[in-house]
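Per-chain numbering from 1; labels A, B, C and D assigned in written order.
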Amino acid sequence: MEGRHRIRVRYGESDQMGVAHHGAFIAWLEEARIEWLRQRGLSYRELEAQGTLMPVVELHLRYRRPLRFDDEVELATEAIPVGPSRVTFRTRLLQEGELYAEGEVTVAAVGRDGRPRRLPPIIAEAQSRGASKPEA
Amino acid sequence: MEGRHRIRVRYGESDQMGVAHHGAFIAWLEEARIEWLRQRGLSYRELEAQGTLMPVVELHLRYRRPLRFDDEVELATEAIPVGPSRVTFRTRLLQEGELYAEGEVTVAAVGRDGRPRRLPPIIAEAQSRGASKPEA
Amino acid sequence: MEGRHRIRVRYGESDQMGVAHHGAFIAWLEEARIEWLRQRGLSYRELEAQGTLMPVVELHLRYRRPLRFDDEVELATEAIPVGPSRVTFRTRLLQEGELYAEGEVTVAAVGRDGRPRRLPPIIAEAQSRGASKPEA
Amino acid sequence: MEGRHRIRVRYGESDQMGVAHHGAFIAWLEEARIEWLRQRGLSYRELEAQGTLMPVVELHLRYRRPLRFDDEVELATEAIPVGPSRVTFRTRLLQEGELYAEGEVTVAAVGRDGRPRRLPPIIAEAQSRGASKPEA
């Protein structure tokens, strides 16, 4: 059920602490959501072209261990519908099975007029096993 | 008690939805924290030079209304110590008194060896009136 | 004739070399162009709203000395029309009169259909004294 | 002789013109340089750990056609040594053989003290066939 995606930390994503800047994770989580959709046959680009946008309404990240430039990171993502037009994507960032960070990003399905739309079926029907027990 | 800082949304911070990308807010909140310190006589650059780093350990953002390229936004920030070496900065993003987004970013004071350090006194002693009643 | 604008290097714009990442300069130059227009009464936001876009077609940067987190930098910008629908903005990045970097960014005025448009008069008529003698 | 690397345009790299922002290309070129090195057995991370940094001293980009969110782009990179401690990486950004953008980025090999160092042999000896005839 989980989507899997890998990223590699870019040089420009490091900061003067010598680690990946906390802001860089936002782009990775976004990439992970888009790949989650693609792996289920849904192109977010086409979804937008057809008039459904999915802006972020809330995000929550916990940073456990530093990631560094050139690290390869695995992103394990599941989708948890939280209403007819909202879904929370939960992503864990892993290296060799160890948790480095985790985050939840909630997006709303809306039309170009800003009005709520029903989630695409592939998202609405996501059965996220284990979704009810967030990592402690 | 609150720090006030203004930013203007950069063109490159917009995305193809025509609004400020949710990732751009991270840099603004960081700027707001650094200005909060500066307004109290503390240079974060000097703090790091003296061996105290303040990496982000958690962040939580709620997006209420879209911001757009060229918008000027007021960031109202307060500091809420949450332990001897941790502090949560709470920032509200406002235009003409209206709330556009709000976020909490928790940072830990650590040495270059990664060990916890006591918060600088100016932070440890911050009395955030109203800190106990988060916006609903 | 020159526009003047100041920026401060953001923490997230530093990289693990301990200096401002070369990519960060792009956003500063963009901000400098937009302020150059604003200082002459032209809002780039309104220009776009009225159907004239100014995409970048070429950029050229030379990095002379490193800039660091929290540095305040002065950007001195002049506009050099290079055709009926193209203009090169030349910006020097200065600290206390010393040159830290300089760049030229050429933008094209186009409509939403991608066709060339005449430059707005305030740009077309820019007389950049000294424009013909680039810094050695 | 060329290195090949693929990237996919991130959502946050789009701007309100609906195309990839010109600043995003900088990170892609950087990734392409690092992969060029990796494909020749050289880890830039290790190079830095051993005391050789390669800061960018000059960059020059020409944007030919717009790239869009979700586009997959091929980056074809060659290295052109331009002195004992400097090298220019020339990268063409392609989709289905068509040129979308091209850029040259010159980096200098320096020690942590900022003094020039000789280029690593794998770079110094790069024979870029065709390097002398830049695209018109």
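Observations, loosely collected:
Please note the rule applied: contacts are C-beta pairs under 8 Å (C-beta built on N, C-alpha and C of every residue); 3 or more make two chains touch, one makes a residue touch a chain.
None of the values given here were measured: they were computed from a predicted structure.
Interface matching across C-D, B-C or B-D places the copy of A-C, with more than half of contact pairs shared by residue number, at B-D.
Contact count check for A-D and A-B (C-beta pairs in contact): higher for A-B. One simple way to say how far apart two chains are is to compare their mean CA positions; for chain A and chain D this gives 28 Å.
Our note on geometry: chain B versus chain D, Cα centroid distance of 34 Å, whole angstroms.
With centres defined as mean CA coordinates, chain B is found 23 Å away from chain A. Counting partners per residue, chain B has 11-12, 16, 19, 23, 26-27, 30, 69 as the residues that reach two or more other chains. Chain B contributes residues 16-17, 19, 22-23, 26-27, 30, 48, 53, 55-63, 66 to its touches with chain A in the complex.
Of all residues in chain A, those touching chain D in their complex are 10-12, 26-27, 30-31, 34, 43-45, 68-70.
Chain C contributes residues 11-12, 14-16, 18-19, 21, 23, 69 to its touches with chain A in the complex.
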